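Naming follows writing order (A, B, C and D), and every chain is counted from residue 1.
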Amino acid sequence: MSQIAATLDEAIEVIADGCMLVVPREVSGVPMDATRALIRRGIRRLHLVALPTSSLQADLLIGAGCVATLETSAVSLGEYGPAPRFTAAILSGSIKMKDATCPALHAALQASEKGVPFMPLRGLIGSDVLKYRDDWKVIDSPFGDNDPIVLLPAIKPDVALFHAAMADVHGNVWLGRQRELATMAHAAVKTIVTVDRIHPGNLLDNPTFAAGTLPGFYVDRIALTERGAWPLPLPDYYAADAAHLAEYAKMAATEEGFAEYLDKYVYEKQAA
Amino acid sequence: MTFRPEELLADQIAQLIGDVRHVAVGNASPIPATAALLARERGRGRPYVSLLGSPKNTFWTDGARELFDCAGQGRIDVFFLSGGQIDGHGNINLVEIGDHAHPKVRFPGSFGSAYLYYVVPKVILFRTEHSRRTLVPQVDYVSAPGASEPNVFRTGGPVALITNRCLFSFAGGRFTLQSVHPGHTVEEVIEHTGFDFDRPANVPETPPPSAETLKLMRETVAPQLAELYPQFAAQVFGVAVPSS
Amino acid sequence: MSQIAATLDEAIEVIADGCMLVVPREVSGVPMDATRALIRRGIRRLHLVALPTSSLQADLLIGAGCVATLETSAVSLGEYGPAPRFTAAILSGSIKMKDATCPALHAALQASEKGVPFMPLRGLIGSDVLKYRDDWKVIDSPFGDNDPIVLLPAIKPDVALFHAAMADVHGNVWLGRQRELATMAHAAVKTIVTVDRIHPGNLLDNPTFAAGTLPGFYVDRIALTERGAWPLPLPDYYAADAAHLAEYAKMAATEEGFAEYLDKYVYEKQAA
Amino acid sequence: MTFRPEELLADQIAQLIGDVRHVAVGNASPIPATAALLARERGRGRPYVSLLGSPKNTFWTDGARELFDCAGQGRIDVFFLSGGQIDGHGNINLVEIGDHAHPKVRFPGSFGSAYLYYVVPKVILFRTEHSRRTLVPQVDYVSAPGASEPNVFRTGGPVALITNRCLFSFAGGRFTLQSVHPGHTVEEVIEHTGFDFDRPANVPETPPPSAETLKLMRETVAPQLAELYPQFAAQVFGVAVPSS
């Protein structure tokens, strides 16, 4: 049975209200078409984990009221300035924020990848990042002598969702160097991938391709969404749409402008 | 020879980098990136320079975690951090201003600072806006502390803070004014700094970049920089922005 | 400065008597030419870590008297039977054996890769593998309720040594799917690689190759040793030399036969 | 229809595998490999079968650790283990016989057993040599225990033991004789088993593989098997060994 879904909406069916959804950073393949489809579907109460940071994707989902809890290390539009809907939501208290630090999120996903309940991490002690995370624990390392170290509980997302350049009909997905996407898929219960194109043949048959491939074994659904990361980049394939991102930053600065943006670029797209 | 403030800062940072194996520069940091590439030119290929976001200037093949793993291995010698607030203890705040339950201002977040600040031997703090708004007595939120208790594993931390007005060194939990940039004064630095700091009786002026350094930056570094920072390279060094 | 050494002996100079050396399993690229060169050089008192098992390589090094401590999950010649010199050394007590289990070695190397002093691992509790490892600790997981879990101290080898199909002049090494080799290199203080050939150009310049490449940043020395894994296989490139392995198993069954083997296949090779 | 003992065992193991998503088979295990491929043929592609050592029948791209990580994720449903000794509590010994300080016999080592035995829901023990030498009252060294204290995290463990003489099931810390293979007897099993086990009043004979199963094994499975186990495929199924 092929994982390739007939439609994007069918592929993302499994992403339910209230689920824990893990998504990648801006340069690792952000599934923007899928994000817009989730907003159109009116998804609610997401526990969004952005590994380890986010930009437009988190801002859009937050602005559209899809997010209950956000767990990440930073949200920003980078050179286009702060992420306005994220900032507004934090200041109004409309989302629960679990501030982290990048390597903590990587380690917590690797814990689920390895089937262990926690991972240790250096740093953090004495920071307010740790102070406000009562789910993180400090122990005295049994290998040291008065050596406190932080333990991070495993993050086991219900769904991992990302965009990649290509997949084959066996469900194998080309990741290239973005190996944290493999960790996301290993850690999550289910994995949904959108891709720009379907690769003929089997990516695992060629040892060169295989090295950068996530086996279809870990992939539940795939949807074909050409340039599905737009307006974000897909490194090695296409650049960000700078003009669009600047337009977003401007429109999303106000609630009204953001509503207009949604009408123009998210809801309208459905009709197109 | 005339120079731009960015050139002065990059030259100073390149000297702070010193003779090391590997300098990593985070996103949106064109001046530290200029300094790192300058150091690499001077060292004829040493240090390795990792510019986050530049495929040409990063070697990572193990995903987004490799930067942090690499630092954990002790393989990153210099990194750069900034802060919405930086205080006199070297604490940095990348999260919020105001009460945690009801913040007045929200910044993007701590990124990797709550880890890298502990494990990179030389962290150079960099904040062009030198004001009592940014340089405060005590940060509202500690993304990462400037110093740790003796029993806390820590192989790294801040060594300096460079601003548009001056250069501080950091040691023993305090900043010391090292030099004031040309056109600025010690009094002005005191006026605009929210925290106490040490200073010698005579504070030198930050030396201007040499003609040789300026040539290297403008002719050799700037074109490399343009890949990742085309606007900056155009504005500061006059590198033509490629039409795409 | 290129990492490519003029000779194999020069490349392995850094592997000193008494050092902790990590080497890969039979199908991940075993540096057999380098192993023979180490034996010819008369290396002594190695703390050999085989990730996570070994075959001919460990047996040869042990038989030649190079190993003080062996840390691995199994040594066997597979279809050619038990590893005779390993077995004899254990029974005579001439080496110190640190029995492990495969995922424990992977995790302990990943601990060094991540700069943490330990990694947790499920399993092990109630086994004699754990009982005889007083360097492993059991804690009550702070995330559970009466939930004991094993913590493994990080393994930080002095040197990682392996064989790969190719490297480029920048020191980048093609690993393909053998990602534990990257972990070995990340974990070790120094990394020495032997390769069958030098790849023209830069492996990192091509995103497809880059995905399966260890960056030269982690590589200290490279030596060109064509078919350097012989008589072991280099998967995707060449198969094991079955006849030779059968001959080894037969000769190494006795100490005399093993000495003859060394004369014929290790010491003689130097002259050739 | 006549059949070979290997075919009987593979058929039985295929039934033990049941309807699952993923079966992994370790090195040097041709009969379990036959069973796994047979199960895949019957399930028209389900379960996924990972045959360690077979590039065609493994999907791993994350190095040698992926098998163990995959098991830790709960994504391996069936695995096979053996033992130099296996005892009546389901403990297996892959390390040594005799006193630990001065063993008399040394086996290769525990491999992944001290982990996989705990986290793979169905571990099928497989030992063709059924004797008092291999099936002992108490193993000399516990590579992995058959059962654990209730507070020990354990999602897996032994479900069965198959030998050249019979099939045992395992539950509640004990083996139960399920069936005796054609040509063997309960008395013979008792005589050659070093541990106590339960048994029903009437022990059935292990049913022979059906004609359909034999056809599937010989015509469809055997050629696939020949990639990894050419000698075995030739010897048991008469698949021509390719000249290389």
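Operating definition for what follows: contacts are C-beta pairs under 8 Å (C-beta built on N, C-alpha and C of every residue); 3 or more make two chains touch, one makes a residue touch a chain.
Just so you know, these numbers come straight off a predicted model, no measurement behind them.
Any chain that touches subunit A and also touches subunit B is listed here: C. Farthest chain from subunit D (centres taken as the mean of C-alpha atoms): B.
As a whole-number value, the distance joining the C-alpha centres of subunit B and subunit D reads 59 Å.
Centre-to-centre, using mean CA coordinates, subunit B is 40 Å away from subunit C. Here the spacing of subunit C and subunit D, counted between their Cα centres, is 29 Å. Shown for subunit A are the residues that touch two or more other chains, namely 103, 114-116, 121-122, 147, 149, 177, 182, 210-212, 236. Shown for subunit D are the residues in touch with two or more other chains, namely 60-62, 68-69, 72, 119.
Taken together, the chains touch in the following pairs: A-B, A-C, A-D, B-C, C-D. Considering their complex, residues 24-25, 27-28, 51-53, 72-76, 78-79, 82-83, 86-87, 90-91, 93, 99-104, 106, 110, 121-132, 146-149, 177-183, 235-236, 239 of subunit C touch subunit D. Against subunit B, in their complex, subunit C makes its touches with residues 112-116, 172, 182, 186-187, 204, 210-218.
Interface residues of subunit C facing subunit A in the complex, by the touch rule stated above, are 107, 114-122, 137, 139, 141-144, 147, 149, 151, 153, 175-177, 207-212, 236.
The part of subunit B that touches subunit A in the complex is made up of residues 27-28, 53, 55, 60-65, 68-69, 72, 94-96, 100, 102-104, 106-119, 141-145, 148-149, 151-153, 244. Every residue of subunit B that touches subunit C in the complex is listed here, in rising order: 22, 48, 59-62, 68-75, 119.
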